[in-house]
């Protein structure tokens, strides 16, 4: 029984983490039709920046905020100067996003070195939580909480604000949105920055669990892709639900079917794409 | 003039091992292998408009099959090679059927997922693949009794394969089928309206591209005489994709140029520059900024502009 | 961006010019520097170990003024990024372009296996760091010696210590899902169970798994201890999460030679105190060579040398001894290999020699993590002298069995 409870909690915590990663990617792809293959390295960059901030001010939340802002700024510049001229050139976008991710990854290696660096969770959350016979790290539950909070905040943004309405319009029907006078290029910049900020802050928040290490970007990017594909492109609900499904498959699968550890995530994804290409909640064909 | 330049180029390629050291001859062989691999991917990406991140699957399948048939079944290369090609092509047919249920990002993801499944299987199925230790103790074939162990011998073998491969691929692209393929890339709906079976065109291309990927895989395992699951990794697929795009997708010379750039940076410049990875990324970014269609179309444009002056 | 073609000394070109005319070939060669190649990993997940390898070797050569056995040496460093195909390509570069005469490295087992046939073909004396067992067992390469150990060499000794001294009876093992992890756990399991213990659970998470939560949830709690066969920094990451899940104190933790290496120890805190590990090295070793090495390394890089740094420093020491035995005449490869394999010398890890297969025979140190002078160190608490790759087993019997792997020896005591 204990096994099932802990694994369920593990799945929820991992799902929260994945949502922080995937939400930004889903937004960017949904609106701009750009598969931002830099997303993993933005996540990693955020984590490393968090490491440095923590050395100066040991407050994880502040590090997350600053990390998110810094990565957002970087993302904004990248989008404006390099990605914008490539509208419509899908292959060029692939090349440049991967190229930039190489540069970012190597820079991180130079600046922060090759050893993994853990980020310290806030001291109040360092004790494990004891619920009856279950011991569970308190911090992971907080990550889940942050993910839920972020999901609600993003939902409110999309649903209740004018900005959100414009974004939704752009996702649903770009030419029409343009025709109606929505300032599409400003929207692009905003959404890309928002997506980058989520990735960067997510990297810091995930830091106490995953540490910052070379290769974090390559480990996280496929996960973001899987979640978004499963959940459906452009759908925040899809990213949310998809994150928890993927997290559960991974957590329980690794435990119950260790021989399939490497492929446990890909098999269901193949099935989903093959038979329901738009994902669970996607509204458009990819 | 053009013919003269081409003849000179071919002569240089043929004469290369006579004046270059072993290391450079080997580097050239590796570029040839990467060129075949990139050219096979280009069929899908450049001419078919289908971006795949799972092309490493063909290299891995062909290489492992050839190695396994040689080591465990005692088959000679004359038998093992066609069997490896056949098996890989059949699996390409199956994977193609699965993958073509989607397009765009979905297609990208399925191809990635399928090759990752193979990657994981290579690690775990140790009884067949020897897992993380890889399969070693392999040999190079000896066509007509000629040993390929010396760098120059293998170089000529690889050069021959590259020429044949590019020639056949060029024929494929120039054929009516190739025209239909490019049509499905540019205007799929119109093509369907005209009566073409878009799905079948794409599937056939997928399989053909898998075949040439398998050829690259055989060259790879012959050259290295060793196969390890890392050959099936995402990095290998990504590198091939980057070579194609950087060189110029949808051109014949593009993948070759792209492969040469990537391999030179990886295996040659890396000896001089610790930060070669960063340089590679920078090269890609610069290519995209100044030659968004790739090096080959970009250079052609500059050449034309110079010619006009 | 730094240029890394490190040529530590240029050949005395003027001297070479004169010598070319007047002296016989061997004597002429004596004036040329010995070219040493280092195959390591400087990018990717294994980077931190690989960088340590380079640092220690350059320190070794610098201490000796880049002169071994009376001849100058030049060092060529290549980065394989941990990819076997690349290791082979880089090795070709070192041999064909830089004309190295001896190779130190590679780091990862798969890289050594990929380069095996090339080393044989080129007859290149190789002092390996990689731990793949069969390279010195069932498929020994005559040009290959290993100055570090096989994957299981230290683990077998630790299993004995766990059963006899620590009195553990029921244990679990966990390691990365790579050959190194499989071989190490297999060796541990074999000795532990042969002495009467039981291994009731074995786990092999993938090497680059992002999170160990799911593995920690499966861990049985009715065991005495768990053995960690992790490489790189995975031991440290796993242990951190082990504590977060409140398992510290419920289960003892013992580690293999790379689970709590000095390199990751510097990032850990008091939670690591008391952990017992086994390795052929510790920065705390008190022999005069190590005292000098550890102090020099620490003052230059501000952290203690660990497994990877010690590996190349020891290989350097072995290389020097072998060169001295042949009066620097590395050109006579066969004589050099013979001398290399016959070496008995003192190094930073204590006394070493090689067995018939080229693998090292040396001390295995059981260590405990303690705090000294404000930092965490691996204090030596027990020494197993002259440990070979076969432990106490008869060599012939050992080699009749299949190589240690995930499935051999079969784990008969696993509980669901």
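The letters A, B and C name the chains in turn, as written, and every chain counts its residues from 1.
Following the convention adopted for this analysis, contacts are C-beta pairs under 8 Å (C-beta built on N, C-alpha and C of every residue); 3 or more make two chains touch, one makes a residue touch a chain.
Because the structure is a prediction, the values reported are computed rather than measured.
J.: How is the touch graph of the chains shaped: line, ring, star, complete or other?
T.: complete
J.: Could you work out which chain's C-alpha centre is the most distant one from the centre of chain B?
T.: It is C.
J.: When I count C-beta pairs in contact, which pair ends up with more: A-B or B-C?
T.: The greater number of contacts lies at A-B.
J.: Need the CA-centroid distance for the pair chain B / chain C, whole Å please.
T.: For chain B versus chain C, the centre distance works out to 36 Å.
J.: Where the CA atoms of chain A average out and where those of chain B average out, how many Å apart are those spots?
T.: Chain centres of chain A and chain B, defined by C-alpha means, are spaced 32 Å apart.
J.: What parts of chain C, by residue number, touch at least two of the other chains?
T.: Chain C, residues with two or more chain partners: 42-43, 177, 206.
J.: What parts of chain A, by residue number, touch at least two of the other chains?
T.: 106, 261-262, in rising order.
J.: Multi-chain contacts in chain B: which residues touch at least two other chains?
T.: 123, 235, 275, 277-278, in rising order.
J.: Would you pull the chain B residues touching chain C in the complex into a rising list?
T.: Touching chain C from chain B are residues 21-23, 26-27, 30, 123, 126, 131-134, 136-137, 149, 220, 224-226, 228, 230-231, 235, 266-267, 270-275, 277-279.
J.: Give the list of chain A residues in touch with chain C in this complex.
T.: For this pair, the touching residues of chain A are 3, 6-7, 10, 13-14, 106, 109, 113-118, 128, 130, 135-137, 139-140, 209-211, 213-216, 219-220, 223, 250-252, 254-255, 258, 261-262.
J.: So in the complex, which bits of chain C are touching chain A?
T.: The touching residues are 42-45, 47-48, 50-51, 177, 203-206, 208-211, 213-215, 217-218, 233, 236-237, 240-241, 244-247, 263-264, 267.
J.: Any idea which chain B residues touch chain A in the complex?
T.: 45, 51, 98, 101-106, 108-110, 112-114, 116-117, 119-121, 123-124, 234-235, 238, 241-242, 245-246, 249, 275, 277-278, 280-285, 287-289, 292-293
J.: Touching chain B in the complex: which residues of chain A?
T.: Checking each residue of chain A against chain B gives 29, 35, 82, 85-86, 89-92, 94-96, 98-103, 105-107, 110, 218, 222, 225-226, 229, 233, 259-263, 266-267, 269-270, 273-275, 277, 285-286.
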